[in-house]
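Both complexes shown next keep chain A, but they swap its partner, so chain B is in the first and chain C is in the second.
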Partner chain A sequence: MSSTASEASTYDLAVIGGGPGGLAAAATAAELGARVVLVDESPALGGQIWRQNRSRVVPAAQPWLARLEAAGVELRLGTTVWQATPPGNLHTSQGPIRARQTVLACGARELLLPFPGWTLPGVHGVGGLQALVHSGLEVRGRRVVLAGSGPLLLQVAASLTSHGAQVLRVAEQAPLSRLARFSLGLGPGKTWQAVTLANPRFRASSWPLEALGTERLEAVRLQRVGGSEILPCDLLAVGFGLTPNLELPRALGCRIEEGAVAVDEHQRSSVRGVFAVGEVCGIKGAPGALVDGLCAGASAGGTTIARPLLRKRDRQRRFGRLLTRTFSLREEIRQLARSETTLCRCEQVDYASVAAHPDWTSAKLASRCGMGLCQGRICGAATQALFGWGPHGVRPPLTPVPVGALFSHDIPPPPPASRESRS
Partner chain B sequence: MTTDSERVEVLIDGTVLHVAANTSVAAAVLNHGGSASLPSRRSGWTPLCGMGVCWGCRLTIDGQANRRSCLIPVAAGMRIDTQPNGSEPEAP
Partner chain C sequence: MSRILVVGGGIVGTAIAADQAERGHDVVLICDSPIGGGATAAGMGHLIALDGEAAKVELTNYSLDLWRTVELPDDCDLVVCGALWVAADDREMQTAAAMRDRYLSRGIGAELIPAAQLAELEPELRPGLAGGLRVPTDAVLYPPNAARYYWHRAVKSRARHLTARVLTVESHRVQLRDDSSERWLEADWVVVAAGDRTSALLPELSIRPKKGHVVITTRDAPFVRHQVVELGYVGTTKSRAPVSVACNVQPRRRGQVLIGSSRQEDTHDPRVEPAVLDRMLRRAASYFPGLTRLTALRAWTGFRAVSEDGAPIIGSLRPGLAVATGHEGLGITQAPGTARLLGQLLAEEPPDLSAAPFDPHRFGSEAA
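Entry: the complex of A and B
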């Protein structure tokens, strides 16, 4: 490691996450004169929704990238934050970063729930498959089934089709009655309903029961109204909605409410100097994240938030709540795993070995569930959805990093436990 | 600026492959046949989340174990090695 990388320099603002919310916050604050550093684990800016690489340019992201550059925002890409203390002491895979304020824009991950066969090669997350296609996975001619819940299913189905894949089915667990209300709630001009009705492969009240195959995926069995269907396929994309990435907010001691970082009208969290924007403070989509970012950037930059922007943010928050209501999971989704179905993929722990315990901590100690490389990011979210377990405490390193990174600077003491209300 | 047609040479478990520049290592291995193509037949090698969360894509890259291959673009001369499932992270 070079000496410059390990020297701490003090910024006015550190933004963690380079998706729409993070970009908007960083640009806005920097344009107000703040010295800003933006940190992201990916090799390129854009986050998941605007994922870019050198051969994939997302038009919506370009104005923001230009503004970041013009305003002199410093970029630390390919950089993992493995611990943080308030307000902006970041410990990263590339050395420490110090800032007087932090904007958490660390986004969300997919909620992935166990069902028989979900560990077979060929089964991916919905967003996961999209990300892989954007980073070069070839899907031309491949037969794909998408199943689970949320607007991402249709979005990714359209994207896969444009990349030459043969989309056989889009199975949404939510009932048609709720989807219809959702479409109406969006108002005129929204395309969701049109997309749904135009897609002959779309089925409401349908969900994955079992992925079939020996060495890899060969078919999927789906529940549908009045029975089940088996569809031979090459790829199965599953996802049951999004869940905020709360490891860093928890490490900083931010108050969590209803499974998201609680923020006030300035996007301030409960911890002084720490803001949160986008999905991490409630799933609402990219337009909502942008508005959050503009608000946080203004607050962190020391100015007031314009009134029309506040109204826009309220609309986006309402949309977020509508999303949650529409795509809430039915009870059957929590009953898909069998006793022998793998629940913790890292440590290969089956459902029965975990379900036998009263809570997350005893399940971890007895079965090693949640103690593998992902540190419970997949199975912890799953047990929270399945059994109502959690929320879980965090301790550094938040993400496995090479041992050398830990000794590049002092390991901070763990923060006091955060007060949280159950979701 | 690289273009789609540009290809780089990488080694997957010693086999030379020419893959499109800008491809992530995970996508390159999947395009090559995924777990079925891995000489160790490492069962269950599956990049699940595609965004660095699940570690299902971990591989040894240029001698460093447990790299998240979905976050790392291919580079000319890169050595990609499969490793047994469930191993713990090691210092580079």
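Entry: the complex of A and C
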């Protein structure tokens, strides 16, 4: 091989994100002959749901990992993309990567909304607690309450139970009427009632009002039909749904619709050469992310998407829309915080100091809300949900990286279409 | 009592609004960004005792005296950390010695720091530097809230605020657009403090934007104590090269480190440019090798407003129309003096300092 260094780092396809969506896209495109690199900031593949570690092997992920390896997908793990320009100029914490096409598979994060006491030790995000358990947190015998909205509550409740936790309550803010309609949409064999009936601790139209405790969590006060209840507990897992990670798509200039990357039937975004799959283009769960990835892999690999796969993908999209409708947040959830409730955790800014401003930019400038370590990922999403403040501009670094990682990213322009040989 | 319309809610416009309102005038401030937005939101907030041309030095020192008289609220994050100008070699050390003499002659404390003492003052500086010059009275603050401080003062004296875009300015009136309706507002004086966008409103004045990048780190163990600037910095402020960079590193009160600085001509593009970050950070790391291990949290850009001769433009353009801009990289420092001077000029009081070097008409035939 006599390729130069810069040619060596030019790929047919760069996939950002190693969750179900990214794995499927990378494997499919590579099997079609594309030279593929898969980048993930985590040191392990699998994304939010399949991430493995020493004590955890995820059977569902195995076939995908095997296919990646067989197809020769290059892995860049522990590598953060902190800026990108179309179609595939990636600035990463480990140096530049250049590709002719990009698949965005960067997933979603939890929507956390402020309520009194939510910053007490012992209060976690639902997904965050799940991840902690996966990486070894011992929950055996601990009393846990899960509260908020979305299917993740029940999934995580089941997982915690299997790890020996004592789940006292699963409080879902959505009303039973909507949940019933949701279960009809799920199709046979997978009804919501089946799931909820299996969990006698489940309550619809119930949500967290206040986490109680002085040094750490001692109890939670929940709204429920006709009143409220106080449950003493050791852990409280809250989550109000997921929200797509839009920093990279927005840096690339992808059109966003209803809070997710807009894609066509080939999973193409509005930017030429940039595809999006999985939760970044709409919350749909891991099976939907896989199907998206298969479609994008085929498109990026230069073939047409098989009809049955298209039909499957359309079903998954309908399911995603049903999810959004079913678990849309009720107005009361936006009224939980008090004036003194922390809204921006990183910079310790309270609700009143933020709510006093007409928009995100002035709130941020004056109160420092959103200026901390999470770069406004949490409070920015919260103020969008609470006050309807538009998404703010994105700037590199999209994720905090070491200062030294910002060096030497003067990416050369794309090579000319026809190359003359020079000596 | 006169009606004053101030166009611009940066540090200069808000300081002018406070001065005018406290003189008893009826002030309306118009801007299309939040108070303290514009270049003010991007600036490093170093209150810097300047060494340079006499007129600018006079405005700076006058302003620094005013900064010392105000009692800034806690959220302005004022810290009198002092500045340390670092000399890389003996030639720069000679520059430092000459600077010290000029500072002392103007009554500003300044001491030469020998190489051996540098490491004591700033342990993260690389070994092998020639020394430095310490100016202990230099301070840093958080500019957006300093602008808000002035704005609160203006409001106390009954100033009002309009969020609107100004389309046209003329003597005694402005045309503005808000909520998609357009209208004219009349006044005794219109004061334009629109920063780098001034030429769009006053085409007869040439104000060029000079783009700058800044990077802020996460909070960590203390890294620097002074505002540390390489002595080559002064050269870059006047440079006409397409891109120039200098090591300019600042400790924030809340434990972050602010890293500058870059200067770029001929661009209005506000995007952060990785290639410029690269050069700027390498330059800073050539003085502070340990910077590379800190975590970069955010980067942003801003535009300094530069006049043809590099000095501010402060004063009346014609009856009923005045201007205050062109402060380049010193607008935070010079805002209080600018506001006071303009107030004296508009009131036809004898000014505390010579206004001629800042006269909007000084470009005369050239500009015409």
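By our rule, the second predicted complex is superposed on the first by the 398 of 423 C-alpha atoms of A that agree within 3 Å, B and C clash if a C-alpha of one lies under 4 Å from a C-alpha of the other, contacts with A are read in each partner's own complex, and residues count from 1 in each chain.
As a convention for this text, contacts are C-beta pairs under 8 Å (C-beta built on N, C-alpha and C of every residue); 3 or more make two chains touch, one makes a residue touch a chain.
Just so it is clear, the structure is predicted and the values come from calculations on it, not from any experiment.
Asks: Can A:151 be said to touch chain B (first), chain C (second), both, or neither?
Replies: Neither partner.
Asks: First (chain B), second (chain C), both or neither: which does A:131 touch?
Replies: First partner only, chain B.
Asks: A:114 contacts which: chain B (first), chain C (second), both, neither?
Replies: In the superposed model, A:114 contacts neither chain B nor chain C.
Asks: Considering only the touch criterion stated at the top, classify A:365 as touching first (chain B), second (chain C), both, or neither.
Replies: second
Asks: Using the superposition on chain A described above, determine whether A:83 touches chain B (first), chain C (second), both, or neither.
Replies: Only chain C; A:83 stays clear of chain B.
Asks: Check whether A:42 is in contact with chain B, with chain C, with both or with neither, and answer first, second, both or neither.
Replies: first
Asks: Check the contacts made with chain A and report whether chain B or chain C touches more of its residues.
Replies: Chain A has more residues touched by B than by the other partner.
Asks: Identify the partner contact of A:21: answer first if only chain B is touched, second if only chain C is, both if each is, neither if none is.
Replies: Neither chain B nor chain C is touched by A:21.
Asks: Between chain B and chain C, whom does A:390 touch in the aligned arrangement: first, second, both, or neither?
Replies: neither
Asks: Under the stated touch criterion, which partner chain does A:400 make contact with: chain B (first), chain C (second), both, or neither?
Replies: both
Asks: Overlap the chain B and chain C contact sets on chain A and report the shared residues.
Replies: In chain A, residues 372-373, 400-404 are touched by chain B and also by chain C.
Asks: Any idea which chain C residues touch chain A in the complex?
Replies: Touch residues, chain C against chain A: 33-37, 41, 75, 144-145, 148, 163, 215, 217-218, 259, 271-272, 274-275, 277-278, 281-282, 285, 291-300.
Asks: Using the touch rule from the top, collect the residues of chain A that touch chain C in their complex.
Replies: Of all residues in chain A, those touching chain C are 83, 91, 357-359, 361-362, 365-366, 371-373, 375, 395-397, 400-411.
Asks: Quick check: in the complex, which residue numbers of chain B touch chain A?
Replies: Touch list, chain B to chain A: 1-4, 19-24, 26-28, 30-31, 34-36, 43-56, 58, 64, 66, 70-73, 85-86, 88-92.
Asks: Which residues, counting only chain A, touch chain B once they are in their complex?
Replies: These residues of chain A touch chain B: 41-43, 48, 53-56, 78, 109-110, 112, 119-125, 127-133, 135-138, 215-216, 245, 345-348, 372-374, 377-378, 400-404.
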